[in-house]
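Each of the next two complexes has chain A plus one more chain, namely chain B in the first and chain C in the second.
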Partner chain A sequence: MANNLELSQKSTSKDTSNLKTLQKRKAIWAYIFLAPQIIVFFIFSAYPIVMSYVYSFYEWSGIGPLNDFIGLANYQQLLTSERFWNSALVSIYYILGTTVLGVGGALILAIILNDQKLKSKGFYRAIYFLPVVTTTAIVGIIIGSIFGINGFFNQLLVDFNIIDKPIPWLTDPVLAVIILIVIGSWKGLGINMVYWLAGLQSIPNELYESAQLDGAGFWATLRHVTLPLLKPIAAVIILLSLVSGINAFDLVKTLTNGGPNFATETMDLFIYNYAFSSQLGGGQVRMGYASAAGVLLGLFTFVISMVFGAASFGKQIIKLKGNKKKKGGVKAL
Partner chain B sequence: MKKFSLLFVLMMTVVFILGACSDDESVDSENENGDEDVVTLSLWNRYSELRGGFAQLIKDFEAEHPGIRIETQDTPEAETQLRTALSEGNLPDMWTNIVDLSELMEVDAVKNLDEIFTEDVKAQFQDGTWYENGTTADGSVYGFPLAAPQSKAMIMYYNKDVFDMLGLTEDDIPASWEEFKALGQTIVDESNGSVYPIVWNNPGWANEQLVSMMGTAITPEVPWQENYKEGVPQVYTEGKIESAEFIKELLDEGLMSPESVEIGLGEAEALFAVGQSAFLWSGDWVGRQLVVETEFENWGVAPLPTKDGNPYYYHAGSEATSIRVSNDTEHWEEVKTFLEYALEHLHETVYVNTGAGLPAKEDVGGEPPFEQYNDILELESQLAIPVPKPAELNPDIVEFNRAYRNKLEVGGIGDAVVGYITGNIDDIDSEIEQIDHDMKDAFMETLDEFPEVSQDDYIYPNWEPFEPYTVEKYDELR
Partner chain C sequence: MITTKSARVMIHVFLLLFGIVWIYPFVWMVFSSLKTNKEFLTSGTKLIPEDFQWQNYSEAWITANFSGYFWNTVIFTVSTVIIVIVLSSLTGYALGRIDFPGKKTIMICVVAIMFIPKGYTIIPLFKLVNAMGLDNSILGIIVAESSGAHVLFILMFASFFANLPKSIEEAAEIDGAGVLTIFTKVMLPLSMPIVATTAIMQFIWTWSSFLVPLVLTISKPELRTLAVGMENFVQTYAVDFSGMAAGATISLLPVMIIFIIMQRYFIEGVAGAVKS
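This part shows the complex of A and B:
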């Protein structure tokens, strides 16, 4: 009996040891598979981020040693620069505009394309998704010729006697920003539509059936079933749209190049102009200054994400904590 | 077995990482065709008008030197591309000038070419070719000069097809703004609005050049952004303001193609070539572009119209158009062979034979491909006039200028002019006055930081507008 117990203990101890070895081996393999990604992350993401903080404290053209430490002077100059604040404002307009138009438009589109009765859904989905896979720079160039002074759109409006003379869509700063927002929204419409469709398809059909039995029409179902159940995914889609709105570089560069007189210059184009292309424009390349602007842009993104995250997920987290406490309370009872 | 697998995966990872970090050295020793003795040199070119000429030059060179191959690459984003290559330590063997020479010197990136450019060779080039922080540094040569310093002044191209169609002759070419407007109105009326008098373009630098050049006919003491009488930066001048107002008037009065505010140089050239405008304002290189790119040959050239028809000018040597050589080139002997060949043939092949501009070298042979080439040459030699270059007398000014320009929010007035023409700036006067004020403040602030530079370094009492500022004049002040 004692021997059996001893054997059983030995066997358990051996099993535990084998399990530990297996777990250890698994962990090693996990690290091996993760290693390339981690290395790439440190080289191409972490290192440049850290270095851009370092560069921002120097007057540096991007060439030669870092020997002109100027402390916070780049930040001071940026915060008093009218051009920088204008670019920040343009970026905010663009981010908000593309989020409202892009996310809202995509929701409407997704609801329509999620209708069971609609034929050729796949075709429409593919059509609306097409701009997502089109190169933004090419889109910018083509849209530039469509909305040019003598472009297709003005020609159309003149031909239909809607306007007398061509509208300067791309050289009027307000109109140019509107065009940027509309095109940016159109470009992101497809991907937002896919997100919304995923959300819509995760809603159980039974809920719609019971709503129908209760006599709810389309609008009532939308208001009381669809939209409330889309809330969690809506927060994610809006956050993604806000963050992607910060990267408008290729569209702005090819469509307006930030002009006229920097009126449509976004923050990322501002950074590019100072970091790379100032000499031909009569200025100087200032990598340190551009890095400081990059750091501020990073902080701006972080703040937007945090504020929005807190606003949209905060309630859910509090609710989750409340539920846990309640469950704990029941157990204690 | 498992240990072996683990070791194998680790080894592969190390090989992968090291492989990705290594340089591809084999390209130089063995080319794509497997010719082991052929050395391949790289040349990055940012001037589109030189493409055809370079291709011909390289073809001729390779035929004569079968052991050397030259691969050219166009660099539309030249500054970005060169700076990236520089930071990666992967410069091409040669490139056409971009990035300030002083910056390149600071990191020892550019090759000294004194071995090729002896005093005798240097004497074969136009006056004003050799200058500090352009083609030379501390008296040594660091750039193979391509275009003459007496170039890049804007001129007026006129479309002879349009002239013939409207019954106009060369006597009708306007010299003053008033004449231009009057003729412009005639062109619009006679063509029933199908032809605009002028097509212009929207890059800020082009607008700054135009108003600065037209402006010198009113305020000749400021050729660009400096006043050499008072020794201060100056962009707020009567000439520049009035010139900007004139351009806006043309647009507002329907005498300028409305597309002008949103197109670049190439599009403007194309519109001019197809007869949508009677005139085009641009640089000396456009002759070649019109003939080669748009296959339009029926045009002539004249000076830009100015306020009262008075002469205007441009500061010669505004840009050191040249070839720079990487200090890290592994094939200096082959590069030298190419540059020595280029010394004999480049200016003829790339400039004269293509009509791409005016060569830096004097007495170059060749056959211009269009008859207007000599007219352009003559105009440029009158309009591009050397003005003082303060760094010639005080080399510390190179560093000073960089520090001064770093303090500026905008490099010039070009974008403000574009903003004004497009109607986004109502008061161009106060806008340019503000830029001028900021420039002066930054200049004075930088003077305090650089005791080795003074305001006197920018004052040239022996300089008179329209008179070429020669080596002798510098010597008078030394």
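This part shows the complex of A and C:
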């Protein structure tokens, strides 16, 4: 600031006013550029977020005015509902299962594919990434057919004499949850693999070379060089996997639709069923009740992000601050 | 890292075999779509059909209205991609390139948005779209899908624009170009890599979007997208297995082809996202 002032005193007043109007004009343009995003954000994001909280305090079928204020009754009912707790449990199983399988499996694959001498890397990477780009709702339907009682998978197992009679993969409560986890992990593994590869490629080659000079083998290098250096990115990958596991709706809706008898109903499917399906929501549409469950799911996500995000994002904010200081310095000059 | 030749061959064998299992569901889907329904049920694990039943596709396309779902999805996806690129490039440019009062506050808000517990916003969104009278047009789904702040894309644009050299603007300013001209004629063309990454990532997300079109087309079958139409098809024609497979192939093949052609952009975009 002081520098700027000195500069402007030295230069002619005409220059200063030109510079000022130019900056003012630029600032006005900045607001014009921001306006569409801000308007859209307030109407279609901020308003719905606020209303999702407001609805949760009402008993409301979604039709007619919002006039039956019931305070925290929806929350009380949710917290004593066995079906709600079951859906929370299924969600937790799914989140943890897909994170362990999907993130862990992806790390192994990424370490294999990161080998510099390996040929046709791009080809393998594309194959393992392919499920990521496919529409989950369609995949759910296809997989549902493959794992059906007379589906391809049972026929394969019978043909190879591994089993005598078909296994009810999707109609057994425990097996169905396992299938959901396996398919969810398969679907998301490719993206985690690319994240890990990005992390692996940021490790400088010299470190591997010096490890080799020190006589470290593959496993020793992995344990003492690679894995410790992947720690910061690991936190981000795990966080992203946990958060994406919370949104299992597309897969669960099309693969098991929560069945058998709500055994595989995740939290987001629970909410959908109460909000939009009177059949599966206990006979009537209850948007207030569903909204309350949505708020609880939002808080649940928030807590997970805070706990696992603290480590990785804390560092990022420090980096951002550093950058800004640098820019400020340039401006003052 | 791995030195012996036999170990190398083993790794290739593993990657290939596992890779075949990995994408087998899609191979199975394509070949099942070319079987008759009877063959689907009786051919066991045999992959290749006796006769290729290409008419399954014309039946799915015309009779089961997958053509309608397909074009709805195309309009829905392309419009959303364009809106998202316009919104996030403008926002990213303002935040990354221009100094103005209140910038810091907005930056903090952009990052904070990621952390707000959002509740179940699809219910208010559903009510809002209906109240705006958009429930009878595809515009309602487009607006609902492309709304919200696309924090990742905004940050990608902002950091790209922030890192361009100052001289680019100065040269254009000397020529008398205004902010808008500089943005559309100079800056936006320079940011093509970011535009491409945003386009392809948003394309695949929107093509696969399920909840928003499902909820917003509950009473409007003619507006359904492929994912929603497919779910409905399975509920209506539970025994038409090869029709199901044909519909699924129609739905998945476009994204798969686009991914195979543009995989570099996509994988690099994803990798860049986690790095930042």
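The rule is simple: the second predicted complex is superposed on the first by the 275 of 333 C-alpha atoms of A that agree within 3 Å, B and C clash if a C-alpha of one lies under 4 Å from a C-alpha of the other, contacts with A are read in each partner's own complex, and residues count from 1 in each chain.
We adopt the following convention: contacts are C-beta pairs under 8 Å (C-beta built on N, C-alpha and C of every residue); 3 or more make two chains touch, one makes a residue touch a chain.
These figures come from a predicted structure and were not determined experimentally.
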Touched partner set for A:18, first chain B, second chain C, both or neither: neither
Chain B versus chain C as contact partner of A:62, first or second or both or neither: both
Which of chain B and chain C A:135 touches, first, second, both or neither: second
Touching partner for A:150 - first (chain B), second (chain C), both, neither: both
Partner chain(s) touched by A:168 [first = chain B, second = chain C, both, neither]: first
Which of chain B and chain C A:210 touches, first, second, both or neither: neither
First (chain B), second (chain C), both or neither touched by A:261: first
First, second, both or neither for A:286, with chain B first and chain C second: first
Winner by number of chain A residues touched, once chain B and chain C are compared: C
Touched partner set for A:302, first chain B, second chain C, both or neither: second
Where chain A meets both chain C and chain B, residue numbers: 25, 36, 62, 150, 276
Chain A contact footprint on chain B (complex, rising order): 2, 6, 9-10, 13, 16-17, 77-80, 83, 86-87, 98-100, 103-104, 106-107, 109, 202, 204-205, 208, 258-259, 261-262, 402, 405-406, 408-412, 414-416, 418-419, 422-425
Touch list for chain A against partner chain B, complex: 25, 28, 32, 35-36, 39, 59, 61-64, 81-83, 144, 148-150, 166, 168, 170-173, 259-263, 276-286, 289
Complex interface listing, chain A residues touching chain C: 23, 25-27, 29-31, 33-34, 36-37, 40-41, 43-45, 47-49, 51-53, 55-56, 62, 112, 115, 117-119, 122, 124-131, 133-139, 141-143, 145-146, 150, 152, 155-156, 159, 186, 191, 194-195, 197-199, 202, 208, 218, 221, 233, 236-237, 240, 249-250, 253-254, 271-272, 275-276, 287, 290-291, 293-295, 297-299, 301-302, 305-306, 309, 327, 331
Residue numbers on chain C that touch chain A, as the complex places them: 1-2, 8, 11-12, 15, 19, 22-23, 25-26, 28-29, 41, 44-45, 86-88, 90-91, 93-95, 98-101, 103, 106, 113, 115-125, 127-128, 143-144, 146-149, 154, 162, 178-180, 183, 204, 207-208, 210-211, 215, 218, 226-228, 230-231, 234, 241, 244-245, 248, 251-252, 255-256, 259-260, 263, 266-267, 270-272, 274-275
